[in-house]
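What follows is a pair of complexes built around chain A, which joins chain B in one and chain C in the other.
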Partner chain A sequence: MPYVFIAPNMLIFLTFIIWPAIRGVYISFFDSIDGRNFDYVGTANYSSIFGDPTVASVARNTATYVVFYVIISTVLSLMFALVVNEQKFAKGFFRAILFLPVMLSPVVVGLIWNDVLDRKVGPLNALLEAAGGGSPGWMVEPKLGMIAVIFVGVWVHLGFYSIILLAGLQGIDKSLLEAAAMDGATRIQIIRLIILPLLKPTTLVIVILSTIHGFQSFDFIYTLTGGGPLGATTLIVQYIYDRAFQSPIQYGLGSAAGVILFLIIFAFTALNFLVGKKKNAL
Partner chain B sequence: MNKSLRSKLAIAASLVLSVGLVATGLPSAQAASGLKPTAAQLSAWKDKEITYYFYNDSAQELETTKTQIAAFEKLTGAKVKLDVIPFTSLDTQLQARLAAGNAPDVARLNNPGFYQNDALPLETYLGKKYAAEFLKGSTLQVTHPTTKKLIGTPYDLSMNGPFINVDMFKKAGVAIPTAWNWTELVAAAKKVQAATKSEYAFAMDKSGHRMSTVFSQYGAFMVDKNKRNVLTSSKFRAEKALKLITDLYKADQAPRDLWIGTGTKYSSPTSVFLAEQTPVMFSGNWNLATFAKDAKFDFQVAPNPKELNGGGWPGGKFLMAFKASKTPDLAAYFLYFLSDADQMEQMCQNAFWIPTRNDLVAQGIKYPTRAADMAVFLKDTANTPAATYGIQSVPTLTGPIYNKLRDLMTEVMAGKITAKQAIAQQIAFIDAQLATLKK
Partner chain C sequence: MSKLTVTKPKSTWTSASNRKVPTAGSIFRTTFLLMMTFIVLAPITWFVLSSFKDLTDLSARPPKLFPSRWAFENYSEAFNAYNYTRYFFNSVFVTTVATFLTLLINSMAAYAFAKYNFRGRDGLFVMTLAMIMIPLQVILIPIYLVVASLGLVNTYWGMIIPAAATPTGVFILRQYMLTIPDELIESARIDGAGEFRIFARIVLPLCRPALAVVAIFSILWRWNDFIWPLLIAQREELYTLPVALALLNGQLVVPYNVVLAMSVMSIIPVLFMFIFMQRQIIQGIAQTGMK
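Take a look at the complex of A and B:
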């Protein structure tokens, strides 16, 4: 009987996730410029990717983005969750505000921030200029472009991660916190020695999720910077998109890059999971 | 004089004629061949639905298309489902639909070369003489490379050129140009920028196609009609042209953010021109409809700058019916209907298109508004060198070649490479692309 209940979901999962994934691996061994005619090329697509000079910069960009995105997202969402958990006044309102960016379309997010960060007419630079900070070229300078993309990425997902951590916080037995307070523990000590250790499994979920999100980031970046300036914000998913859908179209090469992305995410997720499991065992 | 060059000159001459006729305002054209559906066809088509995969550059194009679809439905009893697609995902979505077996019946395309093996051969449905209804040069991209048969119709001819903000020029006391070269254009634009304190002096669509216009004016071309890399022999001219444009961006006299800050995406400074942040915008005639509707200031089309050559750079859009259509005769007739003289004339008048039909070119289009601007575009079309059509001999490579040029320009603007290095890389890229044709 339980199999009957999960059957519809499994059918959708198999049709739209598993089958395309298998097909993607298969296509990665072919060359196709139109998605209809395929020429078998063996592992040539994989060799092309590793021989492509742009791959090194794409890998560097992706690594930079993922590392900063995961660290900043995890730390900030933890801080926000702690603050919101303590909130007494207008609790629902502040949680809604925090969650609001999650509900926006990533495409719209990219377009909004593109306007906000405009060098000459953007409101951010207007404020900075008024404060004597000049007019940084967020969309023109490669380093600033990466900073902008990390900031927007964190802004979009922060509410989602905070809500998960908030649920984790509310699952902590309050008597433990009260006992610590009665024993004279300071607020910082309670957070460091009780809350954070107890929140470790939830934090691990956030690290895994943000790692996956980091590697998969594309939509808002594409509308925000298009991978520019000078390819400084071109991450691996855009590399796949450009190979598969931008002229000259190379579906096989795009699929091969997709397979590589899958292996990277799989390796990182497994590593995170194993490290987390080992620490919990200790 | 070779045959191809003669045909280009014939086009040019007929367009010159059309300019003259625009001024005299002859009555509108009648359908050239007047192909009407038979009773049997009408009976078979009743309530059949076809899909039209469409993108538009202006609101007027969309509105006119809707009107024409209503007329088609009334004439045939068939239904047309209009799928409006953003220009930026035109090829991406169509490739996916064709691969998934969900092909539209008819599509408006920018790169017909990608779909030459999916296209319905029109001769079967519209007769052998149908191709002759269109300007010879304009059918190059919709003629199958091996069968030499027509696989689509040239739907409009486009022409690049500068738009100028007349109010800003007047305010700055700069004379409205009737003829100029690039040095004069840049000097005038900078003078207007200084006097009006506008953000920029100049703006250009982020496009290798638009840059090719400047190349042509300086006497540089990338591929000739025999599919040879000719940038090698004109590289010094190309470097000069590239430096001229990229220097404006490097100096912040053109919207650098819009070019460098948009990665591999296409971007157009239409909003910059409409916001009066630049007195000069280098784009194409398809923008005239939008500017005519939205500009809150006086503007006009200025002639293309003349260096070694005058004129602009040709482009255009195409209609194609697909083999996968369940009702290929209906799809072919819909394409025929949209491309006939009456419908094309209506579209030209409403959306400021340049016609591709011989009959319309011969008798001229009476543009109800902005006729003087269209006359400038038409005159530049006539002045466009035949060599500009050379790249159309490699329809599947035009996209990659233009995109590479665009990306190299980005690197020059950012100071990563010089104009000389960019041209050297472009030459190597064209060689590599042309080599793929020989495989």
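Take a look at the complex of A and C:
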């Protein structure tokens, strides 16, 4: 009887996750331009991933994006959580506002910022021009494109990470804080010496989660920059997508990139699990 | 927190609420929060206002905050000249059916994991959780090939079924079902109720709060999902809203003002959900750390 209950779920897992995952590893040793005829190429896909200049630039872009995205997200969501936690007035309002972008479709988020960052008719450049700052080509210059993508990535997810940190803050024993206050500790001291150390496990969860999210980023970038300018914001997931749907179509190479992405995500998920276990044990 | 507690040391944690003179800390706090509010709301507001501008206003330099003429025709054109109704229907259909399917099969699996002892239970449960580690992006190409070989490309089922079994949903529901006393199920069995009847009539109604959380997350995710329907819906009549918006935006023949109007309309249902379900959404994230 229990097998009947789990059967539909397991069938889907087997057909649409486990089987494709195995196929993916297999395909990564082949070359195919149509998904039907496969030529065995050994580890050539993997060596070209580490040798090919296009892939090297995708790897560089992804690394740049993830590093800045993780650092900025963690610092800002920590700041926001600490500030909101102390806020008495309109606490729920601020929390809700920051959370709003999480609810939006990433496709629409890309369109919103594409509108705002437009070189000629966007409001940001209008403000910058009024302030004498020129009109930077956010979607035209590779470096600025990357900055825009990192900024929007943070903008989307900040509310999500803050919620988790706020929950972590709720878990801190209030009597500890009151005792410190009685002993004359200032608020800065309390935050630095009591709250931040106690919040460390939750902060680590944020670092790990944002790393995983960072590596998976795709959809808002698709409508924000489309991976441009000049491929400067093409990250690994878009690269995988492109190998199946944009020329040159290379299923094997895309699958190999998928395998590598899996290894990265696997490592961080395992780390997250270990941290979570430690956190619960405390 | 009366105003008589003047004996307390001045700058402490607890005295924050009964201070009259703003301190450096509270000025910093308020400024920071107002800045964040501005950074979140300003672009969204600009975007919504843009959706009411005609093409002349949209290309005005310097840009205007308010439209010089409110171009409501952007919205009517979305319906009349473009297939907004179709995309909207597709999104509603995929979201609804997928959410029902997810609730059904996830709760069935969760019930087996929570209330039955069977060979391989723990192994299968660990396997279910391990599915979190294989996100769609990682197996994009092979899963597309599998779906294609099953003839599910360009079908609603192709969009709905492959992602309907969610590890998170099973986990949330199983944890909740563990709290249902076994005696309840036993006594129903003694009364002669069949296994499916017990599940449908006793267990599911008791799981309503957990089902609500899973449903909310499924709806939000399906409504906003882009990459999966992008792969499967390659024919225009199957586009969901995100796919339609992304692909129309890339086409030069579609006026940008219509894309704006469609985008604004597509976020309205989600906004309503956020307003009414905020507490459940925020609690759900705080508890599971998942979207």
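Just so we're on the same page, the second predicted complex is superposed on the first by the 245 of 282 C-alpha atoms of A that agree within 3 Å, B and C clash if a C-alpha of one lies under 4 Å from a C-alpha of the other, contacts with A are read in each partner's own complex, and residues count from 1 in each chain.
We take it that a residue touches a chain if its C-beta (ideal position, glycine included) is under 8 Å from a C-beta of that chain, and two chains touch if they have at least 3 such contacts.
Keep in mind that this is a model prediction, so the values were computed, not measured.
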Side-by-side fit of chain B and chain C on chain A, or clash: clash
Partner chain(s) touched by A:G231 [first = chain B, second = chain C, both, neither]: first
Which of chain B and chain C A:G137 touches, first, second, both or neither: first
Contacts of A:S247 with chain B and chain C, given as first, second, both or neither: first
Which of chain B and chain C A:Y40 touches, first, second, both or neither: neither
Contacts of A:G145 with chain B and chain C, given as first, second, both or neither: first
Which superposed partner A:K120 touches (first chain B, second chain C, both, neither): both
Which partner, chain B or chain C, touches more chain A residues: C
Single chain C stretch clashing with chain B - from 6-14, 114-122 or 150-158: 150-158
Chain B/chain C common contact set on chain A: 35, 114, 120-121, 222, 226, 245
Chain B-touching residues of chain A, taken from the complex the two chains share: 33-36, 114, 118-121, 137-140, 145, 222, 225-231, 233-234, 238, 242, 245-249
Chain A contact footprint on chain C (complex, rising order): 9, 11-17, 25, 29, 32-33, 36-37, 39-44, 46-47, 50, 58-63, 65, 104-106, 108-109, 111-113, 116, 118, 121, 124, 127-128, 131-135, 137-148, 150, 161-165, 170, 195, 199, 220, 223-224, 226-227, 231, 241-243, 245-246, 249-250, 259-260, 263, 266-267, 270-271, 273-274, 278, 281-282, 285-287, 289, 291
Residue ranges of chain B in contact with chain A within the complex: 91-92, 95-96, 98-99, 111, 114, 117-118, 199, 256-257, 260-265, 396-397, 399-400, 403, 410-411, 414, 416, 433
Of all residues in chain A, those that touch chain C in their complex: 1-3, 5-6, 8-10, 12-13, 15-17, 19-21, 23-24, 27, 35, 79-80, 83-84, 86-88, 94-108, 110-116, 120-123, 126, 129-130, 155, 160, 163-164, 166-167, 177-178, 180-182, 184-187, 190, 205, 209, 216, 218-219, 222-223, 226, 237, 240-241, 243-245, 251, 254-255, 258-259, 261-262, 265-266, 269-270
